[in-house]
Amino acid sequence: MIYREAGDFKTSYRDDGQTFPIRLDRWGYYAILALAFGIIPFVINDYWANAVLVPFLIYAIAALGLNILTGYAGQVSLGTGGFMAVGAYAVYKLMTAFPDVSIVIHILLAGGITAGVGVLFGLPSLRIKGFYLAVATLAAQFFLVWLFNKVPWFYNYSASGQITAPTRTVFDQAVTGPAATAPAKYLICLVFAFVLAWVARNLTRGSLGRKWMAIRDMDIAAEIIGVNPLRAKLSAFAVSSFFIGIAGALLFAVYLGAAEVGEAFGINKSFLVLFMIIIGGLGSIFGSFAGAAFLVLLPVLLKNFLVGNMGWPTDLAAHIELMIVGALIVTFLIVEPHGLARLWRLAKDKLRLWPFPH
Amino acid sequence: MDQLIFAAEVVLNGLMTGVMYALVALGFVLIFKASGVFNYAQGVLALFAALTLVGIQNGQVPFAHLINAAFGTSLHHFGWTVPAVLAVALTALVMVGLAFLIEKLVLQHLVGQEPIILFMATIGLAYFLEGLGDVMWGADIKTLDVGLPQGISDGIEAVTAQWFGYGFFIDRLDLWATLIAAILVAALVAFAQYTKQGRAMRAVADDHQAAMSVGISLRFIWVMVWSIAGFVALVAGIMWGTKSGVQFSLSLIALKALPVLMLGGFTSIPGAIVGGLIIGVGEKLFEFAIGPMVGGATENWFAYVLALLFLVFRPQGLFGERIIERV
Amino acid sequence: DLIVPNMSYRTGPYAANGIPYADGFADYFTLLNERDGGIGGQRIQVPECETAYNTEKGVECYESLRTQNPLVLNPLSTGITYQLIPRITQDGIPLYTPGYGRTSAKDGSVFEWVFNAPANYWDGASVAVKHILDQEGGDLSGKKIALVYHNSAYGKEPIRTLEELSEKHGFELSLLPVDAPGQEQKSQWLQIRRDRPDYVIMYAWGVMNQVAIQEAVNIRFPMDKFIGIWWSGSENDVRAAGAGAEGYKALTFHGVGRDYPLYEDLQTHVYDKGLAAGAGDQAGSVLYSRGAYAALVIAEAIAKAQELAGTPEITPAQMRDGFEALDITAERMAELGLPDFGAPIALSCDNHGGDGLARVQQWNAAEGSWSLITDFIEPDAEILDPLIKEDSAAYAAEAGLTARCN
Amino acid sequence: MFDTRTQETLLDVNNIEVIYNHVILVLKGVSLTVPKGGITALLGGNGAGKTTTLKAISNLLASERGEVTKGSITYQGDDITALDPAALVRRGVIQVMEGRHCFEHLTVEENLLTGAYTRRDGSAAIKRDLEMVYDYFPRLRERRKSQAGYTSGGEQQMTAMGRALMSRPQMILLDEPSMGLAPQLVEQIFQIVKAVNEGEGVTFLLAEQNTNVALRYAHQGYILENGRVVMEGPAAQLRENPDVKEFYLGMSDEGRKSFREVRSYRRRKRWLA
Amino acid sequence: MNAMTQDGYVTADGRQIGPVVMELRNITLRFGGVTAIKDISFDIRQGEIRAIIGPNGAGKSSMLNIISGFYNPQEGQVIFKGQPRPAMKPYQVARLGIARTFQNIALFDGMSVLDNIMTGRLNKMKAGFLSQALWWGAAEREENENRAVVERIIDFLEIQNIRKTPVGRLPYGLKKRVELARALAAEPNLLLLDEPMAGMNVEEKEDMSRFILSVNDEFGTTICLIEHDMGVVMDLSDRVVVMDYGKKIGDGTPVEVRSNQAVIDAYLGVAHD
C-alpha cells in the first residue's frame, strides 16, 4: 500500500480543505510544477512550444473557463469561440491603441471585457435551460464572429479584415510577434495557466463555487435554499468568460500571431473546448488540463505516427485520424462518462485498496 | 408596391427554405423524442446517407482508397450504375444497418447517462462517421441526381405574372421538399402520438430505467428510431445534396437546423415545420430589409437570435413539452 | 535533396478543392524527379502535410516542416498565409502564394519573403472589370455590377479595388456577402433577381461556388454575365448545376485540359509508373493544372537560384534570390511542355507579384470542359499600384520594417 | 393458508454479490427463494441493499454501473442473470421501481398503457385491464389526462403500481410501495396486492420499510442488513421474533413507544458491529 | 391544551408556544384547470410543531411551496410576523429564515455530503469575490468558521462517517437526513419538512423524531411538517391541519383531529389510537 491516506491525519479544517489532502498527491504536484517552471523552459524547442505546449496551455485556460460555466455551474455553452474572439479582438485593440502599456495588463483587460460580454449573453440563461441554452449560446457565437468580421474598427480597417499581433515584450523578452522565442511564449502562457488554475480552484472550493454547483445540480432547490439564481449564473458567465477571454487573447497574440475571426474563432473552437472538458471531466480543474492535453496531443501524435511511422498518405491518415478521435471520444464516454479526471480518481481508489480489493 | 411584391417573394422563398431546414430538424426531433439524446451527428448522418446514395448509384467501390493504399491495387468503380430508386432503397437499408451498429456499439453502453454525456457521444459519432464517409467514398465532391427537378417553377411564375404583373420565383426542388416534408410530418406525428411504439418511444425519452422496467426494449426502440432518423437524414441529404453537390459541407446544414429546433421545441414534430417556416421567413426578411443596412450576411446569427427571442417567452420552444419544474 | 513541402488539405470543408491541387503539385515534382533526376541533379522531396484548411493545423505543419529545412512553402489558404507571413519573415523561408494570400505582398520591398505571382485577388477584380468593359464596348456608366463574396478575409479582398474601379468607370457596385459555408443563398440571389445587375462577379470557395451557380441557374441569370474569380472556376463548381451552367465564365491565370505536351511526359513518367498522387482522375482539371503550375514556377525559381548560387544545394535565402530573378518567358513555357499555358512571369526585388495577367474561361456543359475565350488581359495598374503601396506601407509601419530594394 | 414449504420455487437468488462502479461492494452474498404464488417481503434498514437486490433480479443494475459479480439468479429454473430487462418482462417478471419513476411527460393513462407494452392479447383485453386499474385506483381515473409529472407523489405511486399490473405479470417486484402514501392508501395498496395475489395468482417480492404492514400481508420474509440476510422465515414467525418486534416494529414489551420518548432512549441493533 | 391566546398557549407537555409567526389567509392555488388548494387559512405559532396531513394529492406539498415562495397563490395572503408578505422569489424567502426539506429529495447529487450541508450556510457567507479568488482573508476565515458550525450539525445528526461521500450514492434514508442537515445549517426560525420520514423503518423514524424534537427544543425552531405516519404525527405535533383535496377539513390538537369524523372518513380510514 504505497498510495494511502491512512495515517495522514488532519487536525484542522484548514488542512482538511487544502487542495491536495493526500501527501503523495502534493509531492506529485510540486514535482510537476518544478518540471514546468524549472526544466522545460530550458529545453523547449520551437516545434514543441508552437505545436504542442503553447496551444495546450492556452486551451487549458479556455477549458478551465468553460468548465467553470458548464462543469461547475451546469450551463452548457457553445459560445466559447465567440468569447475567445472577444478576448482576441480586445487585446488587439488595446495593443495597438496603447502600445506602451504592458501586454500583461492588456491581456487581463481583454479578459475583463470578455467577462462583460459574457454576462450580456448569459442573461437568457435565467429563462432558458439545458440544451435550449446550449443552442442559444450559439447566437453569441455567430453574432460575435459576424460583428468582428463586419465592423472595420475592430480590425483597424485593414484591407482583408485580418488582425496581426505586433511585437510586445515582458521583461524585455518578446512574447508576441515574430521575434518571440519559444521559451518566452511558453512561459507567459504557463504563468497565466498556473495563476488562473489556482484562482479557479479557490473560487470553486468556496461559497461561490458551492452556489454554482447547487445551481448545476438542481436549480430550483438551490433557489429555495437561498441561492439567487441570477447572480450565481451571471457570475459563472462572468468568471468563465474572463478565463476564455484571456485564452482568446493568448491564442491570438502569443500563439497564432495573426487571425481571421471566422477561421480562428469559428464554431469548431466552441466544440473543441467543450470536448476537452467532457473528456477531461466536468467539474474538475485537473480534468480541464487533462482534456486539453488529450485533444491537443492526440491528433499530433496520431499524425506523426500514421504519416511519419506508418508512411500512410496524409489524406487517408487524416480521415482515419477523424475516425480514431471520434471512436476514442465514444470509448471514453463508455468507459468513464465522467472523464479522465474520474478515471484518474478511480485508479487512485483502486491503488488505495491495493492489494486488498474491497 | 414593388417593394411589397418583392417582400412577398422573399417570404415565399423563406417558407421554402424553412421547409428545407425543417427536413434536417426532423431527424433531431425524432431522436430527441425517443431517447432524450440531442443527436449532433444528424448532419453527418445526412452527409453519410447522401454519400452512400451517390456511391451506390455510381457503382463506386467502397473503401477503394484504403484498399488501394494497403494492397497497391487501383480499384475505383465496379463499372455499373444503379437506378435511383433502387439506390435509395439500398441506402435506406444501409442506414438501418448503421442504426443497428450505433445502438450496439454506442448507445447500449450509455443507458441511463446524463443527456450531456449522450450528446457528447453523438459528437464523437459525428467525427467517426465523417471520417468513415471519407474513407469509404472519398472526399471529393459528387453530383447527386435522383431525378428531382430544379429551377424556376414555370407554372407559378406564369400564373403570378398574370395576376401581379410579376412572376414569383419558386424553386421546383423546394416544392418537392415541401410535399415530402408534409408527408413525413404527418406520418411521424401519427406514429409518435397514436401508436404503441410511438408511446414507448416517448416513455424511453422520459426515463430509460423505468422504460426498461416495463419491458420496453431500449435496443429495439433505439434501432427503430435511429433507422427512421437515418431515413429522414437520407431525405434531407438528397434535397440538400441535389442543390449543392455531396461533400463535407453537407454536414454543416445541422447548424441551420438548430435554431429551427430550438424555436419549434426539441420534442415537437410539427414544431420542426413551424419553426422552420418562422426561421426561414424571418432570416430572409431580415437579410432583405435590414441586411443591406448593416452589411449583410446576417442570416447565420439572425436565425439564432430570432429563436432566442422566442425562447425568452417560451423556454421550451413554441411546441415543446413544458419543462416540468417541481419540488 | 531539396525540400518543397506540399501543404495540402484532403479533408475538411474544402477537401474537394484541395485534392486536385495537391495532386498536381506533387505530380509535377515527381515528373521532374523521374524524368530529369530532379533539378540540377538534386531530387526534390515533397513531404505532404495535411492542414485541413485550418490555421492551427497550418501552424503545426509549419513547425514540423520547418525542422526539415524547406525551400519554400505554399499553404493554399489565405488564412494560413497571414499566419505564416510574420513567421517566415523571421525564419527566412520564402512563401509562394500564387493567386491567393496577401495581395500587397506583391510589394517585394516590404514583403521580402513572400511571392504571389502571377496574379493576385486585386488583379482578378480588375481583369474581370476589363473583360466586362470589353463586352460592353468600353462603357460601363450606368451599369450595375454585383459582387457575391465569401464573407471572409479572402472574399473581402476585391471590394476596395472594385470600389475604385466603379468610380473610374461609373458603374454601380453592390455587395452581397455570403457567410461560410454558403449552403443557403436564397436571399442574395433574390436580391440579384430584383436588382437585375448587368454582371455578377463572384469570389467564393468550396460549397458556396456550387450553390451560387445553381441559384443563378435557378433564377435564370444569364450565365455569360456571371464571372467568377479563379477559385470559383473549377469543374467541381459547375458540374452540380448540370446543363444550366452552360456559358458560366471564370478567370484563370493558366490553361486547362490535357492538350499540352507536358501530359505525355506525365503519362510516361508518372501515371504509367503508378506514381500519381491521388486517384489520378484529376489530371487536366483546373485545380490540378493550377497545382502543377505552382510547382512549375517553384521549380523554375529553384533552377534560377541554383544558377545564381552556383551550387545545386541551395538555401532558402538563395531561393528567395532565385524568385526575385525569375524570368519565365513564353519560349520557356513551350520548352517546358506548356506552350501558352501561363503568361510570362518576370519578378524583381520590388515586384514579387508579376504582371497580374489573367484570362477568361467559359464552361461548356455539353462537353464538360472549359474553353479559354480571351487572351491574357492586363489589370489596371493605375488603380492597383497605389492601393498596394498603401497597404504594404501600412504593414511596414505596423511591423516596423524599412523598405529594401533601393 | 399459504405454506411456503409445499410451494414450488419460482425465483431463486443464489448467493449473489453486487459491486457498483467496480469498487463499492454492496451485496455480500444474498440468497433468497421466492415461492410461486406467495408474497415475500424483503425488509431492512436504509442502505441494506433491498433495492439493489431487486434490481439485480430485474437486471436493471447495468444502467447504474453496478454488476452481479458472483452467484446466480434463476427464474422457473432458468438462469436469468444475463437476460435483458425487456425479456424478463416478457417472461412475466416486472418491477415497480423505488421512487415511482413515472414517465413525466406522458399522461397518467399513457403511463398505464406503456405497462401493456409487451402484451399481445389485443386492445380489448388491455382496455379491460385499464378499467380494472381504474377501479383499484379511482383517483387515477380522475387524473387520467394529466401529465404524470404534475401529479402528486401518491398519485404517481399509484400510477407506477397500475402500470405494472397492466403487464399481466406472473411476478411483481415491488420496491417500497407504501412510501409516501397516506395510511388509508397504504392499507389499500396492500389490499390490492393481496387481491391480485390471491385472485390472479401473481407472486410478489416486495421491499418494504413499513415492516408492520408488510409482515401482516406477506407470507414469508427476509431481513437484510448491510448487504447480508440476517433473518428469514414465515411472516408470522418473524412477527413474533423479539428482535424484529423491537427494531422493525417499534414494539417493546410495554407496547408501542411514543416517538416523543425517543429522546430518552435509543435502540441499537445487537447484531450490528 | 390550555386556552389559546393572542400570545400563545402552553402545550400538553408544558412547553410555552409563542404568537403567530406565519399566517396563511384564504389561500387558493390553481394549476390550469386543477384547483390544488381552495380557500384555506391556518397559522403557525412560534415554537410549535405544526403538522399538515391529508390524503395524497390533497395539496399539502403545494402549501409548503407557497410558504417557501415557490408557488404564488392566485388568491389569499401570506402573513409573516404580522406583515403581509409581498410576492417574493424563493431565495428571498429563504433569507427571511425559512428553510425546508423536500418530498422528492432535492440534494445536490454531484457534491459531497459536507458540501451539501455547507450550501445551507451560503447566506451566512459574505466574503468578497477577490478574497475568494485569492483564498485570502475573509474567504478562508469564513470557510473554516462555517465548517465548524456544519461539523456540529453533522455530529448532531450522526452522519460523520459519510461526510465526504457524494450524496448521489447514499441510500434514501441517509439522504433525508442530509437534507435535514442542510436545512438546519441555515439556522432557520421556521423549518418546513415535507415527509421527512417517508421510506424509513421504525428505528430510523425514531432517530429522525429525536432530531426534530431536539431542534425544536434546543433552538426553539418552529417546525411545520407533513407526514403520513400517524404515530409520528400524533406523538410529535402540537397542532394538526387536515387537508382533503384542497379543502381544510380539520385543525386542532392531535387528539381533536383523531376523533374528527371527517378526518377519519377522508384520511385515516379507521380510528387511530
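To keep things simple, chains are lettered A, B, C, D and E as they appear, and every chain counts its residues starting from 1.
Keep in mind that, in the parts below, contacts are C-beta pairs under 8 Å (C-beta built on N, C-alpha and C of every residue); 3 or more make two chains touch, one makes a residue touch a chain.
Here's who's who by UniProt: A, B = Branched-chain amino acid ABC transporter permease; D, E = ABC transporter ATP-binding protein.
What you are looking at is a predicted structure, and each value in this text was computed from that prediction instead of being measured.
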{"item": "Lowest number of touching-chain links that must be crossed from subunit D to subunit E", "value": "1"}
{"item": "Contact-richer chain pair (by C-beta pairs counted) among A-E and A-B", "value": "A-B"}
{"item": "Farthest chain relative to subunit A (centres taken as mean CA coordinates)", "value": "D"}
{"item": "Chain centre separation in whole Å, for subunit E relative to subunit B (CA means)", "value": "50"}
{"item": "Between subunit C and subunit E, centroid-to-centroid distance (C-alpha), Å", "value": "75"}
{"item": "Euclidean distance of C-alpha centroids - subunit A vs subunit C, Å", "value": "37"}
{"item": "Residues of subunit B engaged with two or more neighbouring chains", "value": "65, 134, 139, 295, 297, 300, 326-327"}
{"item": "Junction residues of subunit A, two or more chains touched", "value": "146, 149, 220-221, 224, 313, 315, 319, 322"}
{"item": "Touching two or more other chains - residue numbers and ranges from subunit D", "value": "150"}
{"item": "Residues of subunit A that touch subunit B when the two form their complex", "value": "76, 124, 127-132, 134-136, 138-139, 142-143, 145-146, 149-150, 220-221, 224, 267, 271, 274-275, 278, 282, 312-313, 315-316, 319-330, 333-334, 337"}
{"item": "Residues of subunit A touching subunit C in the complex", "value": "46-47, 50-51, 55, 146, 149, 158-162, 164, 166-167, 177-179, 255-260, 262-264, 268, 299-300, 303-304, 307, 313-315, 317-319, 322"}
{"item": "Complex contacts: residues of subunit B adjacent to subunit D", "value": "111-112, 196, 199-200, 202-203, 205-220, 267, 321-322, 324, 326"}
{"item": "Complex contact set, residues of subunit E against subunit D", "value": "13, 31, 34, 53-58, 61, 103-104, 169-174, 195, 198-207, 209-210, 213-214, 228-232, 235-236, 267-269, 272"}
{"item": "Contacting residues of subunit B [partner subunit A, same complex]", "value": "38, 65-66, 69, 105-106, 109-110, 113-117, 119-121, 123-132, 134-135, 139, 255, 258-259, 261-262, 266, 294-295, 297-298, 300-301, 304-305, 307-308, 311-312, 315-317, 323, 325-327"}
